[in-house]
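Presented sequentially are two complexes of chain A, the first with chain B as partner and the second with chain C.
Up next is the complex of A and B:
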């Protein structure tokens, strides 16, 4: 490795590490004395009922969004690749809409669109908010899954499966899905990260999610906010790691068995 | 009635007629190759039999039952694809037993046939390998075993060897034929390689422009092509555009030169014909004054070494001929030498040409 590469690497690492380190230092300061070092702020967060409530809500919303998005987009993109390739540019353009439209505009539009829907949907985070997050996750889901489908020979695998007697669901779940697992995982990671950090829609729609709790603590409690920020960072990474481990488990086992022979 | 019948099959893609009324009848356990250039409709025909596509007109009958409207997953057709089609997430064994699993066979019932098939294709040592750990040839063997595992009514092979290197291709085509004969399975094989088709098939159907130009045994196709296209496509052929000048004696005229061809006897004087001569039928020798009777005199243009034989191209009077001769004899006829090519009166074949038509496509006879 050349000297310039080492310097760039260190600069890159510093860019990410310094803010985290500074946050860590703040989180260890005492609320009363303002001096280092105490774990009291972490205890305050862990004993706060709102922390667990909002964390649970955001985590469940993330799972719901991932499940709905995968159920919606995997068959759709499969169909596009298999039967309707001309529709792909249209869907790709639609997928860019959540990037183009500012979140504030989108949330106003969504609130107006869904106004008049039943209360169990409009008034509940698992209804309105999850539906909004599916739209927000659309570009990440589409482009990740699309890349996954493009990396396999969808036509040949489908026809091979059919010629062996498989029906559509069998082909999708046992042949196609396992071969786009990496893409589905990547899409799920991104969706998880978005939902765990989404503030605008939740705030304007008056739902009390994890990012809203972080913002509330940041405004009112300086040092515990540092602890909360680091913990949310760790929780998101832990969630992604567990998704990765669960998703890769079967593939890794297969590779090990094959390698051992 | 044959075991597999394709009756008047038509398939249009917009204004393009991919299949224009093909008829095939294949007996049980027979091996038929659909042979032709790209775009001739051979893969379309195979996909119709597999059920991946539907004809605009016509019927497909298997063992007396009309399967034209039957879904592909209910047809019991084993298929090997041109592209590598193994499921990447499954081992060789899992790929082969996939069809049996779909059919609800228990693990115990699956083990024996899967092991036997993997042994049949010579892959007992690689059952737990994933497709990416197998060579192209091994992958196609697994694909063959997978297609055979469901005991298909018809085995369909869509250019399964085209992605493989020459040596593996020859080896695997012989194995396909051995296994096909051993299992007695009715097989439809699509290829653009005439050597491959002639080597493994009971019957060959040459297709062009969505129709079957000729169907017959490999020997018939080689020795008695029925159309100019088949003559051009199967093997290498010298073609002389000629006119019958004496149907009684079998004399034809080509480029101002009179030749005697037995097959021209009984033909109408003035009839336009195509004289077909295989390169191995031409006899080449150094030209003496004037040349021998029924001979064409020219100059050696090129020599191509093909191992035991050498292909010699002779040109003169606007006509090109190619002759295959032993390499030892060809050494005596270097490039530029004047030679006489004797046209065998009994070995040449004749095809009628339309009197006012364009005749044959002007192609180099060894341009394959």
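Up next is the complex of A and C:
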């Protein structure tokens, strides 16, 4: 290794580790004395009702978003690989849309469009917010699943399945789905990470999700906010490591375009 | 299409078998198209209609009559200042993040660096690129805020008063430093495949022909990498331009950038005209769409040397 390579890598490492280390130190300080070290802040978080409430809401939103996105994307991408290859550029374009229409722009349009729709949709996170998050998941779903379908022979699998007398649902669920499982899981973990951290739409549409709770705590109580920040980092870390475990392929590009900024 | 050509001899009949309408010469209702209806219906309802609402709303007055007044207002104070600050932050973090990210990525990939360095860097970049928003802002307040660990350390141990030097984490500079935390990893992830495309043989060929190190970079390395670097920097620009949560949390909404101005309309009633917020959103859309128009041809050129 040359000296310049070592210096660049060390500089990068310092920049990335120092903020996390500072957060760790802050999270161990006592609220009463301002001194190190106590686990009290972690206890405060774990005994906070709003923490569990908002964490559960965000987790359920993530699950709902993943289920809806997979239901929309798996059949569609299956069909474009099997029969409609001409449609592929159209859907690839849609997957790039979050770059041109970021959450801050999208939420303005969503609020204008759906204002006045029934309360069960507009006033409920599981309606309005989940519907918006599915759009945020577009790039993750497309890039992962498209790569997954490209790596299997869709035509042969479908033909074989049908020759053996399988109907469409059987082909889709018992032949195709197991073969693209790791791509679907990768897309799901990315979606999980994004929904657990999404602040923009939730804030402007006034829903109390997990990131809104972190913001509330960091405005009012510094030390517990450190504990929360590390926990949130842990969630992102776990989601990305799970992604690596299921085999990261070509989802990376889509993954990094739209983050929770 | 390409996919059908790939099927090969043994399954030559597959496309026809799956499309009986072609074989029989009859035109049937295209069932495959029907299968994509849910997806497109969803995209229209939750993507195109809302995006259209922004475009339309930007050009309407309070009574929904067409007007250019909102968009014209964007070129006046304070709105033009917000665009200016947004541009500055995005350009600075894209340029510096792009260059530094390139050096870090190259340091990890070049010959002589052990392979585990690269796999750790890629893993960490994947996490850091997705670690944004409120927790990221807090991590930087904890380090460089008025009572942050680094600030206090500099003051007590090195007798250097950061906040006496006109620095603040909630200033434009503070926002830029914080944005680097997702800009650098993004650059590393995007540029790494392009660096892989620089073949070892080219460097050997250049040195066999007597080229010095700088000559290799000037005439071979940089020209090959340039479309990828510019494309990646455009991604970085858009990434910073669209960011809302991090700046909002760092500054409690006091940094004057476009997303925060839009957000202010919805949280408090700072603006009384919703069409103005839509016009600001339209302005962001226009800038990002322009970036995309530059990005796509660059991406195509960059793909030429990709492995």
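Note that in this section the second predicted complex is superposed on the first by the 216 of 261 C-alpha atoms of A that agree within 3 Å, B and C clash if a C-alpha of one lies under 4 Å from a C-alpha of the other, contacts with A are read in each partner's own complex, and residues count from 1 in each chain.
Note that in this section contacts are C-beta pairs under 8 Å (C-beta built on N, C-alpha and C of every residue); 3 or more make two chains touch, one makes a residue touch a chain.
Just so it is clear, the model here is predicted, and its values are computed rather than measured.
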**Q.** Touching partner for A:209 - first (chain B), second (chain C), both, neither
**A.** neither
Q: Name the contact category of A:175: first (chain B only), second (chain C only), both, or neither.
A: first
Q) Which holds for A:65: it touches chain B only (first), chain C only (second), both, or neither? A) neither
Q.
On the A-aligned overlay, A:156 touches which partner chain: chain B = first, chain C = second, or both, or neither?
A. both
Q) First (chain B), second (chain C), both or neither: which does A:165 touch? A) first
Q | First, second, both or neither for A:41, with chain B first and chain C second | A | neither
Q.
Of the two partners chain B and chain C, which one touches more residues belonging to chain A?
A. C
(Q) Once chain A of both complexes is superposed, is A:54 in touch with chain B (first), chain C (second), both, or neither? (A) neither
Q: Classify the contacts of A:191 with the two partner chains as first (chain B alone), second (chain C alone), both, or neither.
A: neither
Q) Just which bits of chain A does chain B share with chain C as contact spots? A) 153, 156, 159, 255, 257, 261
Q) Touching chain A in the complex: which residues of chain B? A) 50-52, 71-79, 81, 83-89, 91, 98-99, 102-103, 128-130, 133, 143, 146-147, 150, 156
Q. Which of the residues in chain C come into contact with chain A in the complex?
A. 1-4, 7, 11, 14-15, 17-19, 32-33, 35-36, 38-39, 42-43, 46-47, 49-54, 57, 100, 103-104, 106-108, 110, 112-114, 117, 121, 123-124, 126-143, 147-150, 180-182, 184-186, 189-190, 235, 238-239, 241-246, 248-249, 252, 259, 262-263, 266-267, 274, 277-278, 281, 284-285, 288-289, 292
(Q) Taking the touch rule as given, give the residues of chain A at its contact with chain C in the complex, in rising order. (A) 1-2, 4-6, 8-9, 11-12, 15-16, 18-23, 25-26, 71-73, 75-76, 79-87, 91, 94, 96-97, 99-114, 131-132, 134-135, 138, 153, 155-156, 158-159, 190, 193-194, 197-200, 203-205, 211, 214-215, 218-219, 222, 225-226, 228-229, 232-233, 236-237, 239-241, 243-244, 248, 252-253, 255-257, 259-261
**Q.** Complex contacts: residues of chain A adjacent to chain B
**A.** 152-153, 156-157, 159-167, 170, 175, 178-179, 181, 251, 254-255, 257-258, 261
